[in-house]
Structure formats: C-alpha cells, structure tokens
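Structure below; questions to follow.
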Amino acid sequence: MTDNMLPLMTETVLAFLPFYPLISFVLLILLGKRLSWRLAASLSIAAMVLSALSSLFVISQLSVDIPVITSHLWTWFTLSLAEGANQTNQSAASININFYLDGLSAVMISVVTGVGLLIHIFAAAYMKADENFSRFMAYMNLFIVAMLILVLADNLVLLYLGWEGVGLCSFLLIGFWYQEKANVLAARKAFIVTRIGDTALAIGLFILFKELGQLTIVDITQNAQLLWVAGDDKAYWITLLLLGGAVGKSAQLPLQTWLPDAMAGPTPVSALIHAATMVTAGVYLIARMNGLFLLAPEVMNYVAWLGAATLLLAGIAALAQSDIKRVLAYSTMSQIGYMMLSLGAGAFSAGVFHLMTHAFFKALLFLTAGAIIVALHHQQSLFKMGGLLKRLPFETALFAVGLVCLMALPGSSGFFSKEAIIAQLWSSDTAGPLLWYCAIFGALLTSIYSCRLFFLAFMGESRFEQNLQPSSSKLLKFSLIALAVLSLIGGVFANIIEMSLAEVFPLDTRIVESDPYWLHSVAIATPFVGIIFSWFYFASYRSKESAASNKNTFIASSSGIATFCRQGLAFDSFYHWLLVKPYCYLAQLNRRDVFDQLLMLNAWYVGLCHDVLKSSQTGKLRWYAAAIGLATFLLLLVLSVDVISTEAS
Amino acid sequence: MTQLMLQCLLPILIIAFGIVLSLLLIAWRRSQTLILIFTLTIFSVALLASFSLFVNLASDIQVTTLVKVDSYGLFAFMLVLIASIAVSLLSSTWLIHTTEVHDEFFILLQLVVLGAGILVISDHYAALFLGFELLSISLVGLVGYSRDSEFSVETSFKYLVLSACASSFMLLGIAFIYSYSGTLSFTDEPEILTNISNSDSSVGNVFFYRVGFLLFMVGIAFKLSLAPFHLWTPDVYQGAPTPVTLLLATVSKIAMFIVLMKFWFSQAIFVETKSSDENILFLMSIFAIASMLIGNTLALKQQNIKRLLAYSSIAHMGYLLIVLMVISPHSVELAWQSALFYLTAYVLATIAIFMTLQLTQYNHHNTELDVNDWQGMFWQNRSLALLIIVAILSLAGIPLTMGFIGKFYLLNVAVKAQQWWLISVLIIGSGIGLVYYLRIIFVLFSTAIKANNVNEKNNPKELLPLPLTLTPAMNFSVVIIIILSVLLGIFPDLLANFLVKPY
Amino acid sequence: MSITLVMCGLLFGGALAWLLEGIKPQSARWVSLLTVLVIGVYFAIALNSTAYDFSTLQLLVRVAWIPSFHIEYALALDYLSIVLISLTLFLALICVLVSWQEINDKVGFYYFNLLASIAGIVGVFTAVDMFLFFFFWEVMLLPITALIAIWGHEDRHFAAIKFFIFTQVSSLIMLVAIIAMSFIHYQQTGQLSFLYQDWLILDLPLSLTQYLMLGFFIAFAVKLPSVPVHSWLPDAHTQAPTAGSVLLAGVLLKTGAYGLIRFVLQLFPQASLNFAPVAATLGVVSILYGAKMAFAQQDLKRLVAYSSISHMGFVMLALFSFNIIAYQGAILTLVAHGLSSAALFALAGMIYSRIHSRDLNNMGGFWLNTPRMGGFALAFCAAAFGLPGLANFVAEFLSLLGAYQRYPILTIIAAFGLIGSAIYGMVLFQSVFHGKRQVKPQAINDLSARELLVFSSLLTLLIFIGLYPNSLLDFFQSENIKLVLNNTAGVTK
Amino acid sequence: MIAIPLSHILILASTLFVIGFVGVITRKNTLFILMSLEVMLNAVGVAFIGAGSAWQQADGQVMFILILTLAAAEVALGLALLIQMQRRFKSLDIDLLSKLKG
C-alpha cells in the first residue's frame, strides 16, 4: 500500500462506514421471519463489527497532521442564492452527503459503534425468544446507521437527517411491543416531544442559512466567527434554537418528559438509544456547534442552567421511582444534565468525555437491569425485588460496577469525567460557583438514589418469591463484562480524548483563577457523603429484619411529595393540561371543520330560501295575479324613487 | 308591397297558408297521420324557405311599418320551426294514447308558430301585439288540450287569466310609451323628436316612458317567466301535456326574447339622459338577478322533472337578460350573436330533455315523472341517458357542450359591459344550479334501489321501469342531438359564423 | 413530440376499455394498463428525441380553433409541465393498479373515466391558450366527478356535488378573468387573444390586475386547496374510490399549484407580489389548520385528506415567497406529495378492501398480520411528516428555507406544522398498526404482489428523490426560473 | 274644444285598469274575473285613444280595435273553460283550481 493509496482508502472506508448496518437492515426487513435467529443475529452483529472495525481504522488514521478526514459521497441538493442575499457572496450552497471525521466525531463513532456492537450482542441474546427478533435487530441496525450519519454529517441538513432518523428508530423501538397501549403511547410521546425540539432546530437552520448562506458546519463556524462578535443577536437566536433541538433530543428541561416513558421499550433499546447514544445527540450538537455557541455567551449560560436544572430535577425524581428502569432513565437525564452543564461552562471536552464514560456505564447499568428483569419474569418494580445479591451475584457485581461509575467514586470512569466537569465550573465565565453547588448537590443526589436503588434491589430480604430465570447466554455475559471493563477503565481514555478534541474545541484561554483549595476535596467527598447518608436513611431497605416483619410496607410511598417526585415533578400533567388537552379539545371541538360549516351554511341558507320561495308557489291563481300586481307596484316604486331623486337634482 | 317584401314574408305566409289548408284537410278527412305529415311538411317548407331567405338576405328589409325582416329574426324563426317539428313529433307519440280529437292540436300548433313568426319579425307594437296574442290564445288551447287530465282546466285557466292580465299590463305599457313618443314603431323616428310643437304639455314626459316601459316589461317578463313574474311557470309546465310544455319552454320563449331584443336595441335611442338610461338598466338587472337567483333556488330540491325544468328555465332567461346590458352600439352584434347562440343551446337541450321525458313518461303511464324515475337509466338505455347528460351539462354550462359556449358568450358580453354584479350573480346561480343538474345526472348512474333496500338486489324489475326500446328514427334523432350539442360545443364557429351577418 | 397524441391515446384506450367491457370485463383492466404503459413509454421516448430546450416554454402546436374569438389550440411544454405530466402518467399507472380488484362493477366505464381524466389533466398541464386551458380544466372534472359519484362510498353524491360546485364556481370566476384579459388584449392591440404568450407581454395597469389576479388565484386556491376554501377536499377524498383519491391528491391538486406558478405568478407579478403576504398567510394557516384537522379525524381517508391540505399550504407559502429555493421546494413538494399521498390513499384503499371500514377505531394491531403493509405504511407516514431521506423532507425543507428569506415570522409559525404533521402521522400509523387487534380475529392478508408493486415503486421514487433531489431540481435551476423570479423581484425594486 | 290633458286621460285609464285588476285578484267567481279582465282591457283602450288623439294619429284607435278582438277571443276561451269547470267541479270558485303547486 503506497502512501497515496492510504488517504483514498481511508475516505472510502469512511464513506462506507455507516452503511453496513443499512445493508443488514434491508436484508433483515426483506427476509424477515424467514431468517433463523442465528442468521439474523450474525447478520446484524457482523454489520456492527464491520462498522466498528472501520471506525477503528479511520480513527487510527487521524493524527495531528491529519486532523480531519472527509469523504464526499454525492451532492444532495444545491441551494441557489439570490445575489447579495447574504454576506458571503457565493451563488449557490451545496448540501452534500459528506462525512466529516474529526476528533469529536471520532469519539462519537467509537462510542456508537463500540457500545452499539456490545449492545447488539447483548440484544441478540436478550431478544432471542421474541418472535419478531429479526425486525428488532433491523431497527437496531437502522438506528446505528442514522446515529452514525448524525455524528459524521458535515452539514447540518445531513445531521438533521440522522437526527430525525434516530428519532424514528427510537419511536419504532419504544413501540416495538406494539400491542401494549402504554408502549404505543410512550413511543408517540417520545417522537412528538422530540419533534418539538427538532422543529426548533429546523428553524435554527433557516435562520442560519439566511444569515450565512451556509449549512456546512465548518463554514458556518468560520463565517460566524468572521462576521459576528460575541453576543451577536443572530448568534443568540440561532444557538437558542439549536439548543431547543438539543434539549428535545437529550431529554433536558423543558422537553424531558418523554424519556422516562420511553423505558417501555425493550431494555437493549433503553441502553443503546435512551442512555448511550441518541440522547447524547443534543450534547453532540452543541459540542459540534461550539464555535457558534461561543458567540452567544448568554445561551451558553442558559445551557448551563438548563443542564443544572435538569440534573437536579432528574435526581430528585429518581429518588422516588419504583421502577428500576425509570430510576436509570432519570439518572440518564441527570447525567446528560451534567454534560450540558459542562458544555454551558465551556468545558466541551469534559462534557464529551463524560458522554463517553456515561455511555459505557449507563449501558452497563441498563443491560444488567435488563438481565435482572428477565430473571425476575419481567418484574421491574424495585419494591418487588430485594436480596438479589445472593440470588444473582454476577448481575449484582456488574450492577455495582455501574453504580460506582455513576456515583463517580474515585477510580471509576465516571469519576474522571464528572470530576473534570465539576472542576471547571467554578471559574467558568458562563457558569460559576452557583452552578458548581448545583453540580455538587446533584452528585449527592446521584449517590443517594444509586444507593437506594442498590439497597432496594439487591439487599434486604428477597421479596420475589418465584424462581429466578437468569440467562446463561454467553453472548449476554460477554457483552456485560466488556461493558463493565470499559466502565471501570474508561478513565484511561481521558488523555486520548483530551488530545483528539483539542483540535475541535478552542483552547481554553481563560486565566484559571485560583479556585478555592477545597473544591476538589468537596467534589470527591460528596458521593461518599451520599452513601453514608443513604446507609442510614435507607437502613430499612437493606435490613432483613424489618422487612421480614412487615413485607408490605415497601410499596411506593403515596405521600404527595413522593408522588410529585415520582411523576417527574408533575411536568407531564402540566404539559398535559397546558398543551395536550387544549390541542385535543380544539381538535375535538372543530372536528366538523368550522370553515366547512361556514361554507355549508350557505348551502343551508339557499335551502332555506328554497323553502320560503316554494311556499310562494301556492297554486292559487288569485295570488299569482296579485303577485304580478305587487311586483309591478314595487318596481314602479323603485323607478319613481329614482325619478324623483334625479328630478330633484 | 314589392315582390321582395313578399319573399321576405314567405315563411310566415307558408305557415298561414298551411293553417288554412289544414282546416280544409280536416274538413276533408280526419286522420292523425295525415295532419301530422302535413304539419311537418308545412314546417319543413317554412324552414327551407326561411333558410334560403336567411342565406340570401342582403340586408334588413322593412316590410311596411309593421315588420322588419332581418337575419336574426329569421334565425330565431328557424329555431322556432325546429322546436315545433320536435313538438309535433313528440305529440304524435302522445296523441296516439289519448282519446282526444287530434287534428285541432296541429292547427293550434301552427297558429302558435305563426304567432311566433310574427313576433320575431315585428317592428311595431301592433305587430308585436298581434303575434303575442296569437301565440297566447293558441297556447291556452294547447295547454289544456288533454281534457281527461285532472289538471287541464286548472292549467288553462291559470294560463288564460294570467296571460290576459299580463297582456293588459303590456298594452297599458304600450299606451304609455305611445303617449310619450307618439309612434308605435320600434324604429321610426319618434314624433317626440320631430314634432316638438305639440300643444299638450304632458306629452313627452319621460316619466310616462318609464312607467310604460315597466308595464311593457311586465308582459314580456311574464311570457319569459322572469322573476318576479314567474309564479305561473311551474304550474302550467306541470299541468300541460309534455309536448306543449316543450312548446312553452322553447317557441314562446324564443319569440318573446327576440322581440324583446328588437324592442330593446331600437328603443335605446329613446333614452336621452344617462341617468334614465341607468334607471332602466337597473330595472333590467333586477329582473336578471332575481330570475337567476329565484329560478335556481326554487329548482334546488324539486323532484318533479317538469317543475324542475320550469324553474331552471326561469334561471336561464335570467342569464339571457345579460345580453341586454350592452350599451355601446358596436357591441350589439355580439349581443345578438350571444343571445342566439345561447338560445340555440338552450333549445337543443330543452328538446332533448323533453324528448326523453315524453318517451319515459309514456313508458311509465303517468304524468308525474319524478327525477328518481330515471334511476339507473345509464345502465339500461345508454343513448337516451347520454342525451340527458349532454343536455343537462349543456344547461349547466359545462364545457364540451353548447351550453358552455353560450355561457362563454354571455360572460363575454357581461365583461364587455362591465356588469360585475350580474356576473357574480350568474356565478352564484350557476353554482346553485349545479346541485340539481348534477342530481339528475347522478340519478341516471345510480343503481341503488329507491328505498335503499339493498336486500332486493336480485329483483331488478323494481329498479328498472325503463328498459324501453327506441325506434330507429328516435335513436337517430337522439344521436343527432347529442352530436350536434357536442360538436357545436367544441367547434362553436360552425354556428357562430352563421350568426354573423353576411353583410 | 405530440401531446395531442398522448391525450388521444389515453382517450382511445379508455374508449377501447369501455367497448371491451361488454365482451370481456377483465380485458378492460389490461387494456388500460397497456394504454398507460404505452403512452408513458411514448412520452419518455418522445421527450428524449426532441431537440427542444424545455427550460423555457416551447410551443408545440398552434392551430386556430375558434377563429371568431381568436382562440387557438395551442400546447406547450417546459420542464415544469414535463415533470407534472410524468407524475401524472406514473400515478395513472398506480391508479390502474390499485383499482385492479377494487372495481368490479362497470369496469370498462370506470377505466374510461380514469383515462379520460388523465387525458384532461395532461391537457391542463400543456395548454397555453387560456380558453383551451379552461376547457381542459373543466373537462377533467367530469370524469373525476363520475368516478366519485358512481364508484364512491356511501356519501358519494354529496361529495361529488360539493367537489364539482366548489371547483366550478371558482373556475367561473377564473373564466371571467380570462375573458377580461382577452378584452384588455383587444384594447391594447386591437385583437382578441387568449394566448398565454401574448398575455405575457401585455402592459397591465396595476389597479386592474389586482382583480384579475384574484380571479385566477381563487380558482387555483380552491383547487390547491387552501384554507378557507378547502372543505370540498376531505369529502371528495373520503368518498372517492381509491384510484379517485389517488388521482385527486396526486395530480388534481397539482393543477392548482401549476396554475399558480404558470399564470398567477407570471402573468401578474406585481399584483401577486402585493398579494403575497395574504397568500403566504393563507398557506401558513393551511399548514397548521390542515395538520390540526388531520389529527382530529377518525376516518382514515379524511385524515390523509386533511394532511394534503397541510402539505399544499407549504406550496402556497413557498410560491408566494418569490425565492428560487422556495420555488424549487414548491415544485418538489408537488412531486413528493403526489407520491406520498397517493401511497397513503392507496393504503387506505387496501385497508378498506380488507376490513370494509375507514374508521380508525375499527383498526389497530394490523402489524401482527400485515408487517409488510405496516412497513410501507410507516415509510409513507414518515414521508408525510417529512422524514429526511424521503422526498417530502427536501421539499418542505427547501420551501421553508426559501420562505424564511422573505417571511421569517410566518415561516417560523409554519414550522410548527412539522410538529402537527408528526402528530397526525403518528396517530395514523399507530392507530392502524399498533395496539391490540380491534376487530375480527381472522387474519388480514398482507400485501399481494400487485399491491407490493404499487407500494415499492412509490417508495423507491420517494427515496430516490429524497436522496437525490437534484435529479429533479436540476431542471429548475436554469435561467428561465431566475427570469421569472427576477421578473417579480424586478418589480419590487 | 278644450283639450283634456293627456296626463288626465292616462290617470283615468290607470284608475280603471287598477279597478279591473283589483277585481281579478279579489273576486272568487270565475265569471267576475273574466269581466274584470274586460275592464282592464278597456282601460287600456281608453289610454290608447287618448294618446292617439293627443298625437292626432289614428294609431291609437287601430290599437283599440285590435284590443277589442283580443277581448272577444279571450272571453270566448274563458267561457269555454268556465263551462268545463262548471261540469267538472260544479262550482265557479277559482280557488278550487290549486292542485298544482310547490
């Protein structure tokens, strides 16, 4: 292989990278149930392996000399510009199907293909019994395609394609067991709520295009920085709208409500889409558009605050959940809140790093939870679990690993990433001490709900009486272990990521003020505080004795606050009353179409005239004659009135 | 009385002579076939005569002060003759089945045609009056012709009394106009302009003219069944025998409309001031608007076909009045052309529908034919159903048919005269009209049994009262009418060029 | 290149089908299928072999028709009409196929009507004599009305009458405008003329054109349809047989848009520019209102019908934005919506043929038995709510992107239609295919080979255009469109 | 001879005409209706003759003669129908003739 060949080959590999799963998807859909489990599984996993290998290869080609690899597939469409419509003076802007690989997308594709591959392996085992197995794997593959396109897109329209594509796959997978009404509604909700964010994103693109005449990310960033100064109004609005898209996809306030419901989908889906990859697309978007966001410090500030608010809200909500998956869902929201906070604080690479480690351990948590749920005959309620430590030691161990990372105990991958975030908050321009406190408080909440979860599920007395059916599939175990390892050692990637992202994100030129000396110690200590607090506060959950005495006390608390928290601080019902109800009511009210009715009123009116006129056709000769006279008289009046008026003048 | 003048009157003379001969024929032998053939011959000869006259006519020819023969009048007379031939053919199928004496029917028919003939060439109030009364009185006889019908007396009485009333109004109107102008001729230079030295101060008061005009219009409007003088129309249409209804709908309307146009476009010179001009135009637009709206609205839910057609004819006369809105002298030709084209389309369509009506009615053995009685005809008797469809589409003014071109002409006139109000009403009226026109067409296609009784599908007899077979002659005429309507709808110039005066 | 031949061929095929009905009913289907195929192939070949440059309007035929009014039989083609005719012919094929088993009654007459309406529509897209245009405009309605009235569902007569009256009344208004234009031509040149090209060079006083433009606009807005004159569409679509709905949604609505592009915008640039804010607002209202109404429907076909209103709102908004991007978006929307709504109506027809109901409440859980249908349905719903990768996305994106250049606020409001479309799209898809099986336990058949052919051809096109829209857009980047837009833009300056 | 102004004659004629017309619409008896019609026609005759004399033309009188014939014809028809009606309905009440309506 000569030196000339290598770039070309890299480009080709990059070009094909996202499409292996597409091939698998098409095959799976076309052949459907005719494929055996083995074939279907190997097909989908093979596609994933190919993608993963390709991404390994292309990433390995990235270096300081070659910070960016692009691959042009074809021109999607061309936007002609009216002359002088924008400041850049070109006549047309091409929107290409181009893939663009830099440090950031490298991180993303490695997460997507790597974690995706592991989850695929898990899913192959996990969903083995489902009769629609091949359809499931097809959707999963399709999702990977969309996600890869999203992260590799060199322009915002292509990104939007991936963005919508992952939304659709999310919808399909949440509603995979379509016969349950809850799933169907959850799928619909997920799609529609994220669609609201997508619309904001789309509007953002419109404005962007009008102002810059560009939709290619690199050009946008360059032009924006050339044309606008920080605090520019246009940048403010554009980034605000992009943020709208991001909060929708990443389940941040105020569009966070869909995520907990989305847990209705099969667990691998929750792991892949609603923890590891899709929900982080919002983070990716902001990170990707950092050049633009930096021009709008106010929006950066909003990002931080939104992140913090979500972080706290989700943490509080997680405290009250009874469904293991919902706890994890809220935890996901809260962790993404961290990432947002980090982005908002300008600590882009820390955010992205947390994105990666979170992908590892949250996938691990979800998958393990899935394994547990299956073992418990699809029992998801924490209050029905308990004492699994002994009955499912393997799963418990893995889960514990995940939780450790989640709580960011020192040494775990979560520790590195989360600490990196927290460390940068205090002195950030767009964040500040207040947010630092939020983050710390969030960490505290995290450790508390993690402990609560752990105690309820794994300690105390077993409240699940039937026999367990732990899966013995090797595939399943393999993927879990792999993820656990990644979660544990994820911290070692910190430097690599820091390096690879250095090109993408602007260098932090801020003069690091002397942070208070206690910052670090407090941050590190926080999870332990939480653990200790929970150890005592949730003592009843872990002690066997008390549980034995009153088995039935472990039901979800029905106190007002608990319910309020359990419902995610009642955002759902708030939106229900604010938006859904009025819309439905309006639709219901106007089902008959008021315009139609107004128009048909004419028809009714003519019908009425018909009836009136018809009653004049009495058949009586004398009336007919009289009518002639009457009409003549009236017409005479009309004439003479006119005559008089003309004569007077 | 030159020879040329006699030649010009030839078609009328043929008819008049024919009447005398028919009377003699009856005296000689009472035979329905014979009198039918004779009547048809008379009409055909008159048609030929008027055609050759039409072709050879070099200019308008004034025959005494009473009549003026022009190409428009001749064309209208040809239309009248065609309609009358249709009426005689249709009545023959009807008369066979009645116990009446038939021969006088044809005499009356010829008298009607004679009246119409005089009307279309009249240029003088006296001629107008003569033609008018000849037409009316004979029609009274025809309307109640089937004495065994329960409605005959009522129909004739209504027609007689109301028509007499209307003629009285018209005559009074003529008297008023005469007192204003001092001449009974349409075209003569009025005395008022030449002989100003009249001692009577009240002579020449324009108010007389207006009142007179209004009263005159009452008579005309009655005959054209323009709203608000339309009340008699549906009753008489329904009560009269179908061929006579056809006569009412075509011959009497053509003749009256032509005479109205002649009167109108010659009387326009009477109008002195702009304001009075608008005054009378305003009156005419009231007639037009009221007719379009009332006619269409009344037809809306009507089930009885004859009544429905009566109402629709009211609307059509309303549309037609638009041609009178022409003010500028150089548009007069367009107005005539439009009116004649529209009338032709209207006459063809009306003949077509009444023809079908007569055929199916006879098949039904009842006089009260509902729209629903035509149900599913398209699947039973395609040519007849196509005839109705083409006729209805023509009446509704849908392209591919003559009616559309007619409407196109009218709109041309209206746009030229900038009568936006009339155009709006025409559009609204057409919209309402579509409801009942389409309903008829849909009935032809409908296969559902009347009571929506789906279970009785295997009993087609109930559904189909009309597997009627047409005689070859009938079939031929059906096809001819269809082809004519569509052909002239696609290539209107075949007729339009004909209408343009050759000189 | 003879468009006349195309129309005559279609008519002839239809007539043949009608005649053969008496002999062998089955043959009517094959005859019409063959006719459409042959005509389609002929059209394609003829297009490839002509030397015309269709980037501007090329007059193909010009024969005197009604000399007394100087009316001519004049046909012309440009890329716009070529694209729309191709869409028409393609959908004609779809129509023939979807009616294959649905229509068993009076098959021959049915296909005659179908092909006759196609012929009329082809006429509409090519006529440049305005009288001729109007003639075709009206004539195409007749067979479509017949399709609704004879082979429609329970309320067919009402729907057909409503449809006919709406279009007829509005087109009479247009006729008045046409006549007025010809008189203006007479006043300026001393001769009547109905020829489009003659009208283009008229110098019209603005005060007058406002009204004339409105005359045209109303007719086209009704056909498009735009709120508030849209209400014929839900009824007509719902009651029409499947092919009728496909035809209505796929092609007939496009004649309205075509009219707007060709006549309203080009004959009356200044007037439409003045009117543009109103029209654009109407477009936006249509988008949102259509989406909202679609959501409220229980009837599958009605739902899709309202969604068409919503989509056509994009066209209206885009066209009155006077922007090349929006213009391309509008044209693309025409094609994309033609395909996707045709597919959705075909879907409704297929479901109706299986369960004899259009009520969403009677559906649910169909995926169990009909995964293939479900897959296609999902794709078409996705197209309807503008999933990127399918044609509708590019169309809507371009429309909005372009419209934003001129009407930022309106476009932002219009963008909420994206949410609305997602809502009704989800409702549509989920209430049919998701959930528990509502009715009868017996299995519902999945797609037959014929249906599969229909769907896969539609989907292939949707995806192809969605991923490679330049295949179409390239035709609309040439100078003539710039000319049009400059024409209108020039007036502003 | 003191010329009577034309307007007076016309007013007289109109008055007569209205009287006749009111007769038509108020009388139920068919015979009276026919008579009232005669009154109307004669009123027109008065108007014609008055107008003719004002213009010093014979036309008015010619018209009057024509009107007379018309009146005769009409009455003849009317009476024939009257007999029919009497036969069929045994009454001359015009209001009986109202079967056709709607």
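For this structure, a couple of remarks:
A, B, C and D label the chains in the order they appear, each numbered from 1.
Here, a residue touches a chain if its C-beta (ideal position, glycine included) is under 8 Å from a C-beta of that chain, and two chains touch if they have at least 3 such contacts.
Model, not experiment: these values are computed from the prediction.
Using mean Cα coordinates as chain centres, the one most removed from chain B is A.
For the pairs B-D and A-D, the count of C-beta pairs in contact is higher at B-D. Taking the mean of each chain's C-alpha atoms as its centre, the chain lying closest to the overall protein C-alpha centroid is C.
Distance between chain B and chain D, defined via averaged C-alpha coordinates, is recorded as 26 Å. Separation between the centroids of chain C and chain D, computed from CA atoms only, is 64 Å. With centres taken as mean Cα positions, chain D sits 93 Å from chain A. Averaged C-alpha coordinates put the centre of chain B at 42 Å from the centre of chain C. Residue positions of chain D with contacts to 2 or more other chains are 21, 24, 94, 97-102. Shared interface positions of chain C, i.e. residues touching 2 or more other chains, are not present.
The multi-chain contact residues of chain A, meaning those touching 2 or more other chains, are 614, 617, 619, 621, 625. According to the touch criterion at the top of this document, the contacting chain pairs are A-B, A-C, A-D, B-C, B-D. The touching residues of chain D, counted against chain B in their complex, run 3, 5-7, 10, 13-14, 17, 20-21, 24, 30, 33-34, 37, 40-41, 43-44, 47-48, 50-52, 54-55, 57, 59-60, 62-63, 66-67, 70, 73-74, 77-78, 81, 84-85, 88-89, 94, 97-102. On chain B, the positions that touch chain A within their shared complex are 157-158, 161-162, 165-166, 169, 206-207, 210-211, 214-215, 218, 222, 228-229, 231-232, 234-235, 273, 275-276, 279, 282-283, 286, 294, 297-298, 300-301, 432.
Across the complex, chain A meets chain D through its residues 614, 617-622, 625-626, 629. Contact residues of chain C toward chain A in the complex are 227-231, 234, 289, 292-293, 295-297, 323-325, 328, 365, 367-368, 371, 375, 378, 382, 387-389, 393-394, 397-398, 400-401, 404-405, 408, 411-412, 415-416, 418-419, 422-423, 426-427, 430, 433-437, 467-470, 473, 477, 485, 489. By the touch criterion given at the top, residues 125-126, 129-130, 133, 137, 140-141, 144, 147, 150-158, 160-161, 164-165, 167-168, 171-172, 174-176, 178-179, 182-184, 191, 198-203, 205, 208, 234-235, 238-239, 307 of chain B touch chain D in their complex.
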